[in-house]
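Shared between the two complexes below is chain A, which pairs with chain B and chain C, respectively.
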Partner chain A sequence: MSQHNGAGRLAALPAVLLLAAGFVLPILLVVAYSFMPSRTFGLDSDATLANYQSAFTDDYWQPLAWSASTALVTTLICLLLAWPTAKVLNRRAGPFATTVTVLIALPIFISESVRLFGLSLFLMPGGGILAGTLNTLFGIEIGSILNTRLAALIGYVYIHFPFVLFPLLLGLSLIPREQVEAARDLGASGWQVFREIELPLAMPGVTIGALLSFVLSLGANAEMSILGGQAVTVVTRAIEQRFSYAQDWPLGAALTVLVIVITAAIVLPLLKRIDLDGLIRR
Partner chain B sequence: MTVRTANRLSTLWLVTVLAFLYVPMLSVVLGSLANTRYMRFPHKTWTFDAYSNALADYTIGVLHSTSFAIAGTVVLLSALVGTASALAFARYDWRGRRLYQRFLLLPVFFPQPVLGLALLLTLTAAGITPTWKTAAFAHLVWVVPIVTLIISIRLYDYDPRQEEAAVDLGASRWQVFRYITWPVIAPGVVSGSLFAFLLSWSNLSLSIFTTGADTTLPEWLFARIATNYSPLVPAVAVIATLVSALVIGVIALLSIVLRRR
Partner chain C sequence: MADAGNGAASILSISSLTKRFGETTAVDDISLEIPEGEFFTIVGPSGSGKSTLIRILAGLEKPDSGQVALRGKDLTGVPANSRPTCMVFQSLALFRHMTVGENVEFSQKVRGVPAAERREQALANLRLVRLPTEFYDRKVTQCSGGERQRVALARALASDPEILFFDEPLSAIDYRLRKILEVEMKELHRRTGKTFIYITHNVEEAMVMSDRIAIMRDGRLVQIGTPAEIYHRPTSRFVAQFMGEVNIFTTSSGRILELEAEHGDLDDGYLVVRPEHIRPDARDADVSFEARIESGFMLGSRSQYHLRVGDSIVIAELPEGAARGIIAGETGRWGFRLSDSAALEN
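On to the complex of A and B.
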């Protein structure tokens, strides 16, 4: 193939400038602030590790630990729910499957504040949609899980499920049908087909879905404020509090850096292994 | 298990999944049809009062125009930058392309509120007062990579030799773009713009830290939801969603009409 070094660089330039100013620069600035003494607003002091020390000793690590473990649990639940869904949709090609696929995609484009609000209206105690309906129709009084961690977790799964499903669908479409049939003819069990053929071949899709779900959940805060009633402080909220109420930019920056480090440690090695050209070209 | 039972089971599963996704949205619609200050379902009176109140409310109009200003800016700029970026991503073979592809994806695999907070710190440190314009900039950082991917899908099916043939036949550079490249990528640019609009219109995580004194629809809803229920809130949520569906319908229709001509 002929080389287009000049044209390529020129076409990439606007996007590179955008990301340099809107992505790389903010990250570098946050890193720089994280080494400044507590409660300073400039970058001219001597570098210190004090903020990282407070991040780990003054209980600021708790929001981070909660967000990271919730992101992990959310991702696992989403994978468990999305795998059978994607398998069914992949197997039953046709107008019905297409309609269902579109219907699953649509909510992505409705603001998460709207969707989580709906979930909270549904779960509300007393006059909520679920409690009110059960009470009127069957005279059953039920309690409510609203404002608990469980409600927040349901919200996390609800929001991130489509982000796992679509990459999985893409991954499953990479599997040649004949290969699965051949394995079955040779006597492979359902588990063996899953373990030896489907999972490895669909891995690019599984990886992208899991990455999206983990990273988006790691920073998520609307679930906890709308459904969880602030039962736990999530990491984004902890950072926001340092930045605004506490007026402590350096400590907020140090917490931000920790989130970025976790993200990078997970995203960079996995992203490197995915063949983008191959995945998109299909 | 027979094929029929398997099919029934799988249908049941899909219906369950759809119910999980749609019951909350149905709840928003149901919640908007009341006139009480507290949520008491089933409502004693079912009414559209909240909708007429919302439509008469000046603030709700301002929220819509702020969201429109941001989404419109994002659509225009992301279509321009995204088209060029997609050519670099999928069309041209250049040194650094693989690195570029990975770099461009990083904002997609990054927690949005954290990016919003980092941008807020940057703006404050630089002495820039956040407004809807800075929010549009924040949205672009995340939307341009996605638009690039969507347009790139079209370019992978593309045979570059068509361009070389056109040049050999004496076409100018502009003519090559206008008559060869553009028709191939145009559908990608349209769907990219649709995505850009929807993603910007519904965004909460970036807007909440980067709009300053301006307020978008999702921000307003988020703030009101946190305080208390009133039928006005779900009514505005329904209206805002319908408006975005309307915009999408109009853009899709326009692109079909233009393609027919």
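On to the complex of A and C.
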């Protein structure tokens, strides 16, 4: 073992200890609890798979399925919205792009709940900004969409859009302009340029943005409680309820493990495919 | 119609092409006829507008006014992907996420040519640019500079363009390899019989490869001719200086001011004399002058001398063998023949 390596290990020790105590240990605890009988508060019983059975049979799969599908839909909508935005920002450098970028980035510094309450003012029926404007200017009466899944989805997209946009911008900035010009010069149509050149070359950015959006949406709770009016129970809320009101730690733990497994199954293979070091060094 | 060098019909007609970027006029009212099969090079310093000109010709930039026609068909509003032309970029712009084969086949893939046919043609194009066919499956990132150059050429040829444009593709290549590629490019031009329009800031490169050269300055073509015409008969001091180190003397009332020499046949204006035409022997010279050898440099096959005449320096170059006995510090009589010089008005 070289001297250099030894020193590196020593320097990494505090971080390793912190992660072991604050991250690995709790996860191991959660995993251990997930195999304990329902409503027990110790790890001394015999291991059982009953909690995982409940997770799939006793309607707990619904929050999980809803959160996963909403995370997926949110990610897709964010990608569809962010691609044209990123293209415009990437092409038009200068004051315009800077202003727009700042306008999109600034709200991130405000608490998520505050922003969602702001959005609820927008969506409120009657005197709300959306309903009021439509009514006053165009005489259109719309019913309330607040406290519905749609309102929650709007919130999901609103909150996670910047997390997709900025990685996409990074991804697009990796495409040399001449590559696009060369493709067009060789006869490619706009769609073919997107399909063959832009998308593959911007893929690292697309992947990172999609992962951020998916993982954050999967664990999101505030959108549904503030905008969705608990129209659906999201998986994080279901877990919280198991741990607090229901006092069923093992079932909560099993649901937690399922979320972690789903996240890891999606994130790890994708992360392997992108060269993060290469992206950062540019 | 055109004053085309070899008398062939013109393939590309450019008339009154103008392009402005804000205050600067990058391309200023350029008209030009390029005959079929010619190797035409536009040479100019950076900022002369040559890149803008070729980008307009390729359809990557829209002109403010003027026309581009290919075999009489107006191309001006036609976008790059619908033009039967292809460009080799300065950066080469190879698709780095694709293999060599995928790069070469790209133009046919987007046109929907079946895979097997594409592959066959790609292999033929690799052979045409002298790349071994096993490069087909190689990643572009695994290729050396010279190999990438050839891949870019093969990719451009694969689209079977009527005209190939080159935007300084050799500028990032080291001297030795560039010399080899220049010859290969010339050879490729001969073998394919296609029209090549090439831009560069490197005069030497232009001289080696081109049938005709245009010198570009501040958005205008200041002289068009064969390499020999431009080298021996520059029409302006700019062109003369651009084509290498030259001596430019001012002539007025039959006198060469810098040399304090006289000759009856001199018009008022300027006289361009190349260093190799200044001889250390005034006997059969039309113009001779007294000069002190200030310094001498060995340039390989020839030697260069800086001669002082009054306040001016005259540059002379002699072949290795002829340079014996010429010693710095000595004063002697030097001269040149008027037939070796070019008289200019500006």
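As a working rule, the second predicted complex is superposed on the first by the 261 of 282 C-alpha atoms of A that agree within 3 Å, B and C clash if a C-alpha of one lies under 4 Å from a C-alpha of the other, contacts with A are read in each partner's own complex, and residues count from 1 in each chain.
We adopt the following convention: a residue touches a chain if its C-beta (ideal position, glycine included) is under 8 Å from a C-beta of that chain, and two chains touch if they have at least 3 such contacts.
Please read all numbers here as calculations on a predicted model, not as lab measurements.
Engineer: After the match on chain A, would you call chain B and chain C a fit or a clash?
Structural biologist: Chain B and chain C fit side by side in the superposed model.
Engineer: Could you look at A:153 and tell me whether it touches chain B, chain C, both or neither (first, second, both, neither)?
Structural biologist: neither
Engineer: In the overlaid three-chain picture, which partner chain does A:188 touch, first (chain B) or second (chain C), both, or neither?
Structural biologist: A:188: touches chain C, not chain B.
Engineer: Taking the superposition on A as described, I'd like to know which of chain B and chain C A:200 touches: first, second, both or neither.
Structural biologist: second
Engineer: Look at A:212 in the shared chain and tell me whether it touches chain B only, chain C only, both, or neither; answer first, second, both or neither.
Structural biologist: first
Engineer: Which partner does A:29 reach: the first (chain B), the second (chain C), both, or neither?
Structural biologist: A:29 sits against chain B, while chain C stays out of touch.
Engineer: Report, please, how wide the angle is at the C-alpha centre of chain A between chain B and chain C, in steps of 10 degrees.
Structural biologist: 90
Engineer: In the superposed arrangement, does A:220 touch chain B (first), chain C (second), both or neither?
Structural biologist: The first partner, chain B, only.
Engineer: Given the superposition on chain A, which partner contacts more residues in chain A: chain B or chain C?
Structural biologist: After superposing on chain A, more of chain A is contacted by B.
Engineer: In the overlaid three-chain picture, which partner chain does A:104 touch, first (chain B) or second (chain C), both, or neither?
Structural biologist: Touch status of A:104: first partner only.
Engineer: First (chain B), second (chain C), both or neither: which does A:240 touch?
Structural biologist: Touch partner of A:240: chain B, not chain C.
Engineer: Quick one: smallest Cα-Cα gap between chain B and chain C in the superposed arrangement, Å?
Structural biologist: Minimum over all C-alpha pairs: 10 Å.
Engineer: Overlap the chain B and chain C contact sets on chain A and report the shared residues.
Structural biologist: none
Engineer: For a test of understanding, state which residues of chain A touch chain B in their complex under the given definition.
Structural biologist: Contacts found on chain A: 1-16, 18-19, 22-23, 25-27, 29-30, 33, 41, 43, 81, 84-85, 88-89, 91-92, 100, 103-104, 107, 109-122, 124, 126-129, 131-133, 136, 158, 161-162, 211-212, 215-216, 218-222, 225-226, 236, 239-240, 243, 249, 252-253, 256, 259-260, 263, 267, 271-272, 276-277, 280-281.
Engineer: Enumerate the contact residues on chain B facing chain A in the complex.
Structural biologist: 7, 10, 13-14, 17-18, 20-28, 30-31, 38-42, 80-82, 84-85, 87-97, 100-115, 117-122, 125, 137-138, 140-141, 144-145, 148-149, 152-153, 156, 198-199, 201-205, 209, 217-219, 221-222, 225-226, 229, 233-234, 237, 240-241, 244
Engineer: Can you name the residues of chain A that touch chain C in the complex?
Structural biologist: Touching chain C from chain A are residues 176, 178-179, 181-189, 192, 196-197, 200-201.
Engineer: For chain C, which residues count as touching chain A in their complex?
Structural biologist: Interface residues on chain C, with respect to chain A: 58-60, 79-83, 85-87, 89-91, 93, 95-97, 106-107, 109-111, 155, 159.
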